[in-house]
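Okay, here's the structure, questions in a sec.
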Amino acid sequence: MTLMRAIITTKRGASAGRLLMRLDEAGIEARIIKDGCEAIVLAEGLINEGKLQEMPEVANFTIAKSQFPLASREWLQEESTVEIAPGVVIGGGNALVIAGPCAVEDREQIVKTAQAIKKSGAMALRGGAYKPRTNPYSFQGLGVEGLNLLSEAKRITGLPIVTEVMTPEDIDLMLPHADILQVGSRNMQNFSLLKALGKVDKPVLLKRGMMATVDEWLQAAEYILSGGNFNVILCERGIRSFEKRTRNTLDLNAVPLIKSLSHLPIIVDPSHGTGDRTLVPSMSLAAMAAGADGLIVEVHPNPKEAVSDGDQSLDLEEFDDLMRSIKRLLSAISGKSLECSKCSVAA
Amino acid sequence: MTLMRAIITTKRGASAGRLLMRLDEAGIEARIIKDGCEAIVLAEGLINEGKLQEMPEVANFTIAKSQFPLASREWLQEESTVEIAPGVVIGGGNALVIAGPCAVEDREQIVKTAQAIKKSGAMALRGGAYKPRTNPYSFQGLGVEGLNLLSEAKRITGLPIVTEVMTPEDIDLMLPHADILQVGSRNMQNFSLLKALGKVDKPVLLKRGMMATVDEWLQAAEYILSGGNFNVILCERGIRSFEKRTRNTLDLNAVPLIKSLSHLPIIVDPSHGTGDRTLVPSMSLAAMAAGADGLIVEVHPNPKEAVSDGDQSLDLEEFDDLMRSIKRLLSAISGKSLECSKCSVAA
Amino acid sequence: MTLMRAIITTKRGASAGRLLMRLDEAGIEARIIKDGCEAIVLAEGLINEGKLQEMPEVANFTIAKSQFPLASREWLQEESTVEIAPGVVIGGGNALVIAGPCAVEDREQIVKTAQAIKKSGAMALRGGAYKPRTNPYSFQGLGVEGLNLLSEAKRITGLPIVTEVMTPEDIDLMLPHADILQVGSRNMQNFSLLKALGKVDKPVLLKRGMMATVDEWLQAAEYILSGGNFNVILCERGIRSFEKRTRNTLDLNAVPLIKSLSHLPIIVDPSHGTGDRTLVPSMSLAAMAAGADGLIVEVHPNPKEAVSDGDQSLDLEEFDDLMRSIKRLLSAISGKSLECSKCSVAA
Amino acid sequence: MTLMRAIITTKRGASAGRLLMRLDEAGIEARIIKDGCEAIVLAEGLINEGKLQEMPEVANFTIAKSQFPLASREWLQEESTVEIAPGVVIGGGNALVIAGPCAVEDREQIVKTAQAIKKSGAMALRGGAYKPRTNPYSFQGLGVEGLNLLSEAKRITGLPIVTEVMTPEDIDLMLPHADILQVGSRNMQNFSLLKALGKVDKPVLLKRGMMATVDEWLQAAEYILSGGNFNVILCERGIRSFEKRTRNTLDLNAVPLIKSLSHLPIIVDPSHGTGDRTLVPSMSLAAMAAGADGLIVEVHPNPKEAVSDGDQSLDLEEFDDLMRSIKRLLSAISGKSLECSKCSVAA
C-alpha cells in the first residue's frame, strides 16, 4: 500500500461519479478521464489493490508506474489504432503516408498536389494555413482562406486533411476543415493548447519538440490523453544538435524506443528532420525500416518556387518514386500494409 | 535601391496613415508599429532613401539589415530602459533583482518571502500562479487564488509582481495583478502568445527557449516589439546540453552577445540555469560580472518543503548574503546601480 | 587564377619529384600523396589550369573546392572500395557486416563468437584488446594476450580481424594481428594517430567522434588519405545529444549525407549508437535502408556476463535473426549484396 | 564490508610494497599511486575498515565513493595548489593568468607578446608549437623551432611556458621547454597520452573536452593523478552546443561545480570559449566572479594577422585593460590574490 496510480475501467453502466466518491472516502484522488458506458478513471494515492478490486463499479484496473500511464504499454500492451477518416486507419499494422506542401499557397498548388499524391498512394493531405514562423515579418500563412482551400482539395480528392493549430482560440475555426490537428514542434509543451486538444473529438498529430526528450514527449501526449482524447499520433521530426549540415538531426532511435514504451502510433517527418530534399528518400526508407507507422513528407509541385521549405520538399515525381520504394520495403520486412488503407480511401 | 527594411519615425503630428498610403503608392509594404504623436512605421521593399527622406511625414529613419530590426542596436544605439513600476527601472545602468518562489503556495509563504526579499534589497517579487509542468498530473499552480495572493503581497510590501502567462486567453485575467508578464522557456516560440503580448501595455519578461539560439530569441522579442509593446526584458535561463550534473547549461556568453546585438535589457535566472542551490550564488555574481542588467532568483522560506523547484531555491538568509555580494561586486566593476532603484521602490 | 587545390595524377612512369620542382618554380606548394607508377600529387596555390595541363608529368587533375579533397566526390565520383582480406570487399555495392564482443575476454568467448557469427553470415570479427575506458580503474583490455586470441579466432574461422588502436606506439604491435585498424570515437581528432595511420598499409575504420560534425569527420579521414592510405572506412556510431534514454543518438542522416559528399564507404554501429540491445535490430535495418555499406554489431555469447557493454550486445541467436532480416531487406531495396562477399570469405 | 575504494597514506618509512602484499592476502587489489617516504596507495575490494586501520604500514586512509577518488573532495577537503615555477603558484587562493598567442609564429611575435603580458601582470606565457588542426592542410605549428622560441621568450622575461603536447612520443622533446604541458580539448580522452603524463614531473593543464561531461573530465584527470602526477590544473574552454553565434558555449557552471566536487584548481579559457574577441573581457570577469582560479587568454600583437585564432585574440592593449578590470574585481569579491604570485615571478 504505497503511493501509486491506477487506471480503472468501470463496469458497463456503473456510475463513474459514484466511484469517485468512493475513492475520495478512501483518501484517493481520482479523475474521470473518459466518461461513458465503460468509463476510464485515473486514481492516485495509497491504493489498496484488494479493496479497489472489490469496489462495485470497478471492472478492472492497471497499476501504472510510468510518468505517462495512459500513453504507456503498461496500460495497453497492444498498439492502439487511430481512425483518421472512414476506413483510413493508422497503427496496429496499418501504415499511413501524409504528404503535401509546407504552406497552402493557392488553389492550383494545393489541388494539383492533392491529386498527385493521391495517385502515388498517399492517404492524407498536409498543408499549413497558420504557420509558426521564427520571424514576425515572414509569411504567416493564408489563414481562413488556406483552410477553405484545404477543404476544397478534400472535396475533390477525398483525402483527409492534416493542418497545424497554434493556439486554443483557433481550434473551433479549424474543426470543420481538419481531420487531424497538428501540434508543431515549438508548441509541444504549450500545455494550454494540449489541454484544449484533450477535449476535442479529432485525432491529434503531436510533433516532438526539437528540444524534447522522449519522456517529455510522452508526457505531452499524456496531457491530451488525460483530457479524454485517445486519438494521438506521435511524429518524430528531428531534434536539435550541433551538426550544421542538416536542419535537424532526425532521431530514428525514437521509433523503436517509442514502440517499447508506448502503444501510440508514431510517424516520421524526414523533411523537417533533414531539411534537405536529397536526404528525404533515404531517411524515409530508414524510418519505415526502423518500424515507423508512417511518414509525413513535404511535397510541392515546384519546390524551387515554394513560399517556405522549398529546399526540403520533394516534387511530385520524386514523391511517386519514393512511394514505390516504400511499398517494396514494406513487402520485404514487415507485416505492415500501405495498400489496404489506401484502398479504403479510394473506395 | 534594393529590398530592405526601414524603421521610420514620423514628424510630430504627421499622419502615419497617410505615410502608409504614400509608401504603398511607391510599392513599399509598411505597417504602423506604434501610433501616436510620433509614430513608428516599419517599411519593407525597394526603398529609395532619398525619396523616403523627402516624404513630408518622415522625421527620420534607420535602414536595418538585422532579422530583428526593432530589437537591434542598428535602430537604437543606446540601451533601452523599461519601467516596471513608478521609479523601478531596468536598463541603462539600472540593475534589477527579482526574487521569490517558483510557485505561490499560500499566504504565509508568499508574504513572508516578499517581506524578506524586500529587506534584502530585491525590487520585484516573482511567483507562479499558472505553472507549465512537464507532467499533467503535477501541481499546476493555484490559478486565480495565486494571483490574489500575489496582489496581497504587493499591497503589503509595495513590490511589483512578476508572474507567468501561458496562453493569450489568460492575459486579461492577469493584467490587474501582474506588473511584468513572464513568458516561460517552453513558450518562447508560442507565436500566438507573443503577438497577443505585443498589444499589451505591460512589460514582458521573455525567457530564452532552452533550445533557442540567440537569433531566434531576438526574433521572438521582435514579435512583441512589432506589435507595439517596446517594454521587453530578456532573460537567459540556461540551454539544454549533454551535461547532466546541472539541470541546464546557463549560457552567460549570451549576456555580452545580446548587449552587442540588441538594446534590450537582459537579466539572468541562475536558479533554472543550474538547478542547484549551491551553484546559484557563484553564477549570480558571474552573471552580473558578465554585464547582465539583473537577476531573477528563486527564493523560498523553506526550500526543502517547496512544492516545486526546492533544490534550486535559496532560503531567505542565503538570498540576503547573495544581495550583499552583488552590491560589493557592482561597486567594484560597473557603473550599474542596485541602490537607486531600490530607493525608488522604498519611497 | 586564384588560390585553389588540384589533385594531380601523373603519367605512367613520370617523376613525381620533377613535377614538384616544376610546381615549386611556378610558386605552387605541392606534396606527393601516393608515389608509384602513377603518382597522386596535391598542389595548392595560384593554379593556372592551362599551364598545369601542359606540364609533361601531368596525366590529369581535378580542381577540388572541398576542405577534404581526397575524400570528396569532386575527385572520385564513384564509390571507392576497400579490400579487407582476399575477396572481402566493402563499398561499390558490397556490404560488410562486422560482429563480435566489445572486449576480448578469453579464448572460449572469442572463438565461440567467431564461429557463430561466421555461420550467421558476418564477414569480419571485432574485438577489443586495448580498450579506451572513461575510468582509469576500469578493465583496460587484455592487451597482447587479446591480440593473440584474436589471431587464433582468425586461424580457426578465417574471419578477418577488426581491433582498436589507441596510440601511434601500438600500431606495429597490432599489424600482425589486425586486418582493419579501428580508430575510436574519442580519438577521431587524435591527429598524431591519424597521421601515423596514413603511413600504414592496412584499412582503417574511422569512427565518428561523438561530438564531431560530418565536415570534421571527413577532414579527419583526409588526414589518413593525405598520408597515402586510401583504405578508409567511415563508421557512424551515434553523437551526443540531450536525450538520455539512449546512450548516444545514432545519426543516420549522416549516411546519405556522407554518400553525397564522399566516395568512402560508410558503415553503422547500432550498438554504441543506441546502447540498448532491444533497439539494435530496428536500427540495423534502418541503417541499411538509409544506404549504409554495412554494420558493426556487438555480439556476445552471454551478454549478461560481458565485461563491458553487455547492455548493448546481442546474443548469438539474436544476431542470427538480425542477419536474416538484413538479407531480406537488401534483396528488396538495393542492389547491395551481402551474399557474394560472404561466399568469398567462405571460399 | 562491501566493495569500495580506499586511499591510504603509509606511515613514514613504512614499505608500500609490504602493504600491497598484506592487502593481496586479504583479497584486496591495490596499487601504489605515489611511492616515497609517505606513499599513497589505492586499494579496491571488500575492505574491512577496522582491519585496514590495524595494518602496521597504514597511517590513515579515506574511503572514497567517487569515480575519481584522487581528484575528489572526499580525499582532499582543501583546495590543492600547483607550483608552476619557483614562487608561481595556482590554487588555494592564488590566481593565475596565462596569456599569449594561439601559435608561435616568429621571434618578434612571441618575445613582444611575452614582454607586454608580463608588464600587464600575466604570470605565464602560452604558445603552440604543435597545433591540433581540424584540417590536415592547415598550418600545423613550427614544431621544434617553436619550442626554441618559447624558451627564448622565457629567458628574456622569466615567464614560465605553457604549450600543448599531442602525443606521448613528443613529451620528452617538450620537457626542457615547457613548465606546464597542456592537453587540448580533442585529446581529453586520449588515454595513452594521459597515462604517459601521469609519469611526468611537470604540471599538466587538462582542457575539458568539448563533448565531455564534468564527470568524464574528472575521470580524465584521475588518469593523470593515478599515475602519480598530482599537479593537474583543469581548464574549462567551452562545450559544443547548438548555438552558432559563439564558437563554443563557455560553461561557467563548471567552475563552482568542479569546486564542489574536486580539490583541483580550475582556470577558464574565454578565448576558445567564445571565439569572439569582443566577448572575452566580459566572460573573463564572469569566470573570476564564478570562482575560477585563473584564466588562459589568447593575446597577439596584431590579431588581424594572426596565423590562427585571430578573431578571438586580444591585442596587447586590450589585454592590459582586462588585467586592470580583473584586479578590481578580485579586490572586491574574493580573497584571491593576483598580485602576490606576480610579485614572486618578478622577484
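Order of writing sets the labels: A, B, C and D. Residues in every chain begin at 1.
In the analysis below, a contact is a pair of C-beta atoms (placed from the backbone, for glycine too) under 8 Å apart; a residue touches a chain by one contact, two chains touch by 3 or more.
Going by UniProt, the chains are A, B, C, D = 3-deoxy-D-arabino-heptulosonate 7-phosphate (DAHP) synthase.
All of these numbers come straight from a predicted model, not from anything done at the bench.
Compared on C-beta pairs in contact, A-D and B-D come out with B-D as the pair having more. The chain with its Cα centre farthest from the Cα centre of chain D is A. Averaged C-alpha coordinates give centres for chain A and chain D that are 50 Å from one another.
Chain centres here are Cα averages; for chain C and chain D they lie 34 Å apart. Each chain gets a centre from the mean of its Cα atoms; for chain B and chain D, those two points are 39 Å apart.
In chain D, the positions touching at least two other chains are 211, 240-242, 244. Residue ranges on chain B touching chain A, taken from their complex, read 5, 42, 44, 67-68, 132-137, 166-170, 186-187, 189-194, 209-211, 216, 219, 222-223, 226, 240.
Residue ranges of chain C in contact with chain A, taken from their complex: 211, 213-215, 239, 241-246, 249-253, 255-257, 259-260, 273-274, 276, 278-279, 282-283, 285-291, 325, 328-329, 331-333. If you check the complex, the residues on chain A that touch chain D are 240-242, 244.
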